[in-house]
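One chain, chain A, appears in both complexes that follow, with chain B as partner in the first and chain C in the second.
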Partner chain A sequence: MSFAYTRREDERLLTGQGRFVADIDVPGCLSAVFVRSPVAHGRLRSVDCSPAASVPGVVGAWSAVHLTGLPACAQTAADLPDLPPIPPVLLASLSTREAVAGREWPTLATDRVRYPGEAIAVVVAEDRYQAEDGAAAVGVVIDPLPAAVTTAAALDGTVTLFEGMSNVAFEFEAGHPIDEEVWRSAAVVVEARYRQQVLLPSPMECRAFLAVPRGDALTVWCSHQMPHRLRRELAEVLGWPPGRIRVIVPDSGGAFGSKSAIFPEYVVTATLAVALGRPVRWIEDRMESLLAATRGRGQDQRVRLAAGADGRLLAYELAIDADVGAYPHLGAALPTQTARMATGPYLTPRVHATVRSVLTNTMMTYPYRGAGRPEAASALERTMDELARRLGLDPAELRRRNFIPPERFPYDTPTGRRYDSGNYAAALDLALETLGYERWRRERDRRRADPAALPLGIGLACYVERSGGEPGGLHEFGGVEACPDGTVVARCGSAAGGQSHETTFSSLVADTLGLDPARVRLIEGDTGEVPEGVGSFASRSAQIAGAALQRAARTLIDQARQRAAALWELPVHKVSWSRGTLRAESDPPAAADLGELVKETGPLRVDDRFEGAMAFPFGTHAAVVEVDVDLGTVRVLRLVAVDDCGVAINPVAVHGQALGSAVQGIGQALYEGVPFDDAGVPVLPNGLLDYLLPTIAEVPPVDIAATTTPTPVTPLGAKGAGESGCIGTPPAIVNAVADALRLADPGLLQMPLTPDVVWRAARASENARRAAAAREPGRAENAQRSGHGAHGTSGGADRSRHGADRTGRGR
Partner chain B sequence: MRITLVVNGRDYLLDVEPRRVLADVLREDCHLTGTHLGCELGVCGACTVLLDGEAVRSCLLLAVQCDGRPIRTVEGLASPDGRPHPLQEAFSAEHALQCGFCTPGWLMLAAGALESDPALADDPERLAALLGSNLCRCTGYTPIYRAVLRAAGRPPAEPPA
Partner chain C sequence: MKPPSFDYLAPGTVAEAVHALAVPGRRAEVLAGGQSLILDMRLRRTSPDVVVDINGIDELADVRVERGALLAGALARHRDFESPLVAPGPLGRLLSRAVVNVAHPPIRARGTMAGSLAWAHPASEWCAVALALDAGIELRGPAGTRVVAARDYFRGPHATARAPQELITSVRLPLLPGGTGVAFAEHRRTQFCFAQVAVAVALTVRDGVIAEARIALANCADRPLRAYAAERSLIGAEALPPGHGRAPPTRTEALPDLPPSTRTEAVPDLPPPAYGPFARAARIAAQDDADPVPEPYADVEYRRHAIAVLVARALYEATADGRAHAADDLPVGDPR
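== the complex of A and B ==
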């Protein structure tokens, strides 16, 4: 066959031979289906599983009876032992023990339900259809309680999620409080409120978990980002040594941050597999995922930005009320990422960011592609565009005046980050050039003078983000083994979910060794094959695992040379390595292929743990939009994404991820949102017909471009990639719409910019202009500009949550 | 119910419950797991297969509705000699898949459309409208559009603005 697939992953995935969890055929496997809370908040009065027991095919149905003394459920096979609560995510400081203490997340609800979709009971049957029949037969009685689904509602004190405890589970600040005198004496202060709406990560494959017991061991297949962590956590909840559990991540249908934790469904499924002595699987369906999978973003923000008349930034303040969901286990401290990145790419001398993590009656917030950095970039960049408008400055020029210049790196920010390297102006310049900035500015001005033309706007967003992870999680396992047949096996502790690791890492190791990539094979995502590992999240795999594999490969060369030198009784410096062959400048000359050396001297394997450091990718995104103010629709005419991820190991993969990420960013800006009914239950009755993921019809012309500023923190020079579109694209688009509408109040535009939101903002903007014109004919524009005063405050932060009349898309 | 599913030219004699959807029977009874379920409500298109040559959502059809009718799945896309289908080659060449979960649905959607209407590749608006029927969360769609054009022997181009 002459055809060569571009990626190693491609052949199986294109021919139907991929192996996702639900594809794995284990004889006798049972299916688990969960009975979930239909209400957002309530007292659980009773759970009656007995009707399920008589449903054909049902093996058993269980609630949390052993924990609470609720009426007993059918137990046709075995008792369900007391389920331990779900362990909190302490890694990367996503949660803390203090936040969780007294607020335990039960694996199955005991006496209270705190979010819609919370698991109450489980039914296990011979197949999925029968398990769903059984679940439908389970009787649940809940006395509803008032629910709080916004931070404002949860903070007003009428709804308490945990009796006697605050709804604020965690507080944090970065930087120091800013003296009021700074704000009083500044030439301009912009104040605004923003809502970073709740998003559903929505990988195409929902969560999937298969547990197969054999003897005293358990093998788990799971679509997961961190197999070694899942093994540790399963060992903890089962009370087993980790060595008895093997976690395998087969092909994974995407994660985007949503698949790195342990969830109640995993604990129950593993527990039942062990208790029943039979394979059990749980394959989440989409409606379940929309209700009970983790969500991203969810912040209400207040900002103040002060500048001198010359546009130099003086101070920035960001106050975050983060909606972290019903239990503080998964992401209560995630908003610290936003606070720490509040400084952005600017030299602002004073920056202060505060976080209140507020419990609400919703499923939990957790990292979703960008994970705290989009929220930081969005708040700052929207405010920068408004500041430029107030100062009458070109938004690009305002940013250029304030960038941290390349010679100032490493740069310690007031919010506690040490930026490794950057050339922010280079990314901005490339974005403006790629866009044709001046040409679009002329077109915008032309349309402003033409009442018949649809208004056009240009928006910029300059971002800096963090990749690699947080202290304690900046290391990764990388191993390289030479085989007697001349091939090389690379092992790494990451686990791919579509990021092309097999292709990229095999090539990286092959390049380092000087071998044909066909001689190198990657093994990852299997705790039985890889001794330790951290995983794939925080844009860390290329940066940290890549550097680990590169170092392991170099070490392998050194060890091979030492072996050959010993074999040939020569000093090491006399032995050279070239393209997998060892040679000695001896008399007579000696030479051996790597495979021959292994055959002669025994196994040659390097297992390495690389300790990395954070890096800070950056870039500029620019959008041009056209707004139909009568319909409220937004048409993105052009999007430019310039990202700098340092050295790109696989530029094709980086390009693909940048594009996919940008389209997810378009989704946040314009389409995706979760409306709630009055009782606090998400209103998504038609699934993905209601939660609007972008289709090809929503994809504008996009230019992806790159600058390259290597990180000095690893020899490889790679920073993280793939999250940029979710960070830079949303504020670029929203800024463009604000520019088109000549909006005086940024708070009028809260994501997603549905036709309803845009129509109302356009009307408000137009009314303000008319009122100003009536007051001072001929000076309408100036009057409108200062209409809110230098210290004007914007409102409407909660509007997007309830005002989403999603009647149409933007085209 | 006893039915015969004719999948990729092979007969599968099955005894299925009338309520079972085609996707589940293909996956679990025929062991053809290349067809994936992304939403089970007919929205995402990951489960698209060809029935009588036409693209259908296999999550919205009962297997018993398909008794005796020819079905084609991703497993039947390549030539019997193993040579990849032009769409398979083009998807790889254009980086039109990342995680690959939705990919079989795209391949079957495009295969059915190009076979019944080759001129589709010359009409950007109609092609984009067709590809608007499926969801992908990784690629950003443009590579998929380019791949379909490439498979049809046209120069890859961007979707219409």
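== the complex of A and C ==
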């Protein structure tokens, strides 16, 4: 295929010509700023907006009392096609609406605040400075209540978020319960507990919303992943027909899942713009985003993995207590993704996963790049490495023995997924070869024999993920229109937040039509220009929207031939299409460029909708780390990411996505976490100096490679790409650190692997090794291995002792 | 993240600046590099009535050696100290090794040493270095000029002996004598965040024994600290060669198949041996001198451990530095 591999977007974005929501110049636009709860939990006694009203430039200040009639936010967001993924059989008895009922997320807090950063009041002023002056003047009185910011605290019953209702908002299971006899009779059973810490998606551009009323219409500019959905929800909020609202997504500074819903700030801003008859803009700043934007992950997991002496997996059990935040919103059923993907790439005959979605006094967890799959891969792959250690098997060999082989696809997993295609061993082999696995193993062993050497470890993670979305959201709009000037406009229902759609989709359509990509222009992210759309999430755009565009382009060729045939009074089969030109082998020969045909016969436009199916990308990530055990510092020496996303439509875009997500995976493994103070408020006073994202200095040499196993579920053979690094990289790095430390208890290493965590794990590991050596001199290694049962249980005790550090919530 | 409104003044002389700072009833802040002040103002942690921008006062940009000391004017930027030639001998080496730990290049191009001392963050590298060197901080106020010794200057997090109407005009950093080895060791979670622990060391060796020891600690208490007890424990001790007590760790350049970008990187120096004067000093610094405040991801136990590791490493590094520069530094006992 002939594609432009340099990104069309880049010249604009890299030269400062990008146009983001904050850049849209609207005369007379007002600025909205929110007053937020400084406490995690409390009774809202009073809100005094009157001092703000006298601040120069302030147009108005409102609390919930003044804005009664604003709808609750959760109701309209509960039926997102992709998430929560509630299967039809459960719809009748357990829906997200049931989880939400009685626990609605108020647009502005009324009598209770349930998370720090919850919006209490809004101030609108002529500019942002004045609006912040006004917000500082608003008086808020809250009687604090005890807060629960961990699932354990929320489950112990002392703090109730909603009177008379459980803190467990949602429960789910995938697979069938496993008979105790299976565990009793297995040669090896590994048990462990893991914490998937809460992460902040942290796009470069935080949330942004601009509402411009004009007559009886409203135009909204919003950095959003699903503009058509946002339009629908705003229409419900305003009680308007959707046709009076146009949502435009201009250039976006990233989303990573955090811009897929409607939020209180959007409802308030749109409502006020309409009420005031003036444009109102809300730009979330970084400090606000750290407190009040969506967060990801947040699971406490317990696992059991049983295997025979030959390493064949017998059973796997995963129990999840998910920290879903204060209100059951988009993330309440998100952990079902983890449960459904619990099987991973293995032939394990029995898999059972359970979910409790637990309400806590924190901002809500939502999909964040990976959305449920990283948590599944991390739990399983950490446990696989521990199993290999106990069996004395090479971790790569253990995995190879258990992979679902290529001939078994489509494969129905015990947790209810039908994997489309895969060749897991090929990805593993390529990763090992790319890394130079054997050489690194020799170096690791050499260092183990040298007490002065810095320990080195190698970690693997093999994953399967799901792309495309869930049933009900597996379709997308794609349209192609031929213009009289010979150019082609492609329309797509997706909305890019940095995923190179302009380059990839224009090239795809151009390639299908046989045109120079410069002749194709993509329009997306505009409900006024694109009749319908689902959006950009769940790694679905290339797989689903790409297929829609390809089919629309093919249909356009057919229609153009039909038109030419009618024009030339010939049968269609006599008319051929080549590189945008129609020809007929008639007498005399006829030929017309696509533009000429349109000029002669009128507008030619194909609007199409493609319905696809889920696909299951996979891969192997491998990491080599060196640990300074005295300080606990981890240095990643090498990272290899082998991903298989089927046929890559634009390999350069896929490479960029793989690299970016791997860096976010490094962030989860080593740096990112939200510490809380005793009152349950995040301790991030200096913003991104406290919430540490990896910078370029933290990026190790990364090798990105790919295997290609086409999916049969779409004509392009493309599966989703872009979330792989968040899924495969964290467990690879943690496994490498565990390997370097020869760690007997995987529970000792909880992400992020900050120096204090690693130092404590190294110390515990060293102590255990010494104790084992003392018990059985000369057989230290064996003693450690066979004595692991004791460590397994001591992990639990240790957890409570260091619980605060390990969950990242202590000070 | 927008500040409330404020007045802005840009005086052309120190006298005008001092005058602007001293208007009664008006809260003033000095703008030098603005790398901390602007953030604090945007976060509304400080809301001055007037910001006095001193960037137009040329005389404050001076950095020169005079009467046995380096005089760094209030506008000396961090990057002015990146070359070890900024001051002769060990002082220049210590400053240049400390400054690379200060934030990142864009901030170093703008931020100032005096600004760091005025802000007095407990993790500040410059505050620890000033203490290690017994620096003098020159303050100009309505009543005239005074020089406050670093040991009397720091009062707590963001709290100093400087009165609000006083301007730091310069920092006086005494030259270190020949025979002095220096080191700066810092531990932080990523390249660009605050130090969890940082240590500045200067060891002066005469006749093979330690004659003078300076150890300053950053982020090991609510303010920078001198590890006086640890320093005392070292006086008269033998200056140990590197590698004492434990073989050097394997260097990364021995790794197979490592890409060039990582091959030349320094490896953390020697882990602390369990015995010997450096180990003892490290323990004393961590247990007796330091008074760590718990932070997320660094509780007191871990902090004390990390302090011991860093102090020991810095002492070894300083010893090695002294040996490496024994020939080119000024003779012992004749520093000025």
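Here is the rule we use: the second predicted complex is superposed on the first by the 755 of 811 C-alpha atoms of A that agree within 3 Å, B and C clash if a C-alpha of one lies under 4 Å from a C-alpha of the other, contacts with A are read in each partner's own complex, and residues count from 1 in each chain.
Please note the rule applied: a contact is a pair of C-beta atoms (placed from the backbone, for glycine too) under 8 Å apart; a residue touches a chain by one contact, two chains touch by 3 or more.
These figures come from a predicted structure and were not determined experimentally.
Participant: Regarding the shared-chain residue A:173, is it in contact with chain B (first), chain C (second), both, or neither?
Facilitator: In the superposed model, A:173 contacts neither chain B nor chain C.
Participant: In the overlaid three-chain picture, which partner chain does A:129 touch, first (chain B) or second (chain C), both, or neither?
Facilitator: After superposition on chain A, A:129 lies in contact with both partners, chain B and chain C.
Participant: Name the contact category of A:637: first (chain B only), second (chain C only), both, or neither.
Facilitator: both
Participant: Just chain B (first), just chain C (second), both, or neither: which does A:695 touch?
Facilitator: both
Participant: Of the partners chain B and chain C, which touch A:285 in the superposed model: first, second, both, neither?
Facilitator: It touches chain B and chain C both.
Participant: Just chain B (first), just chain C (second), both, or neither: which does A:236 touch?
Facilitator: So A:236 meets neither chain B nor chain C here.
Participant: For A:13, is the partner it touches chain B (first), chain C (second), both, or none of the two (neither)?
Facilitator: first
Participant: State whether A:25 touches chain B only (first), chain C only (second), both chains, or neither.
Facilitator: Only chain B is touched by A:25; chain C is not.
Participant: Going by the contact rule set out at the top, does A:454 touch chain B (first), chain C (second), both, or neither?
Facilitator: Once the two structures are laid over each other on A, A:454 reaches chain C alone.
Participant: Once the two structures are superposed, pull the chain A residues common to the chain B and chain C interfaces.
Facilitator: In chain A, residues 128-129, 285-287, 637, 686, 689, 694-695, 697, 700-701 are touched by chain B and also by chain C.
Participant: Okay, in this complex, where on chain B does chain A touch?
Facilitator: On the chain B side, the touching residues are 17, 19-20, 24, 27-28, 31-41, 43-44, 46, 73-75, 77-78, 82-84, 88-89, 91-93, 95, 97-104, 107, 128-129, 131-132, 134-145, 158-159, 161.
Participant: Of all residues in chain A, which touch chain B in the complex?
Facilitator: Residues 1, 3, 5-7, 9-11, 13-20, 22-23, 25, 127-129, 202-206, 251-254, 256, 285-287, 497-500, 637, 652-653, 655-657, 659-664, 686-689, 693-697, 699-702 of chain A touch chain B in their complex.
Participant: Can you list the residues on chain A that touch chain C in the complex?
Facilitator: Within the complex, chain A touches chain C at residues 128-129, 132-133, 136, 285-287, 436, 439-440, 442-443, 447, 450-454, 626, 628-633, 637-638, 671, 673, 675, 683, 686, 689-690, 692, 694-695, 697-698, 700-701, 754-757, 759-760, 805, 808, 810-811.
Participant: Sort out for me which residues of chain C touch chain A in the complex.
Facilitator: That would be residues 1-5, 39, 43-44, 187, 189-194, 196, 246-250, 252, 255-259, 261-262, 267-268, 271-272, 294-299, 302, 305-306, 309-310 of chain C.
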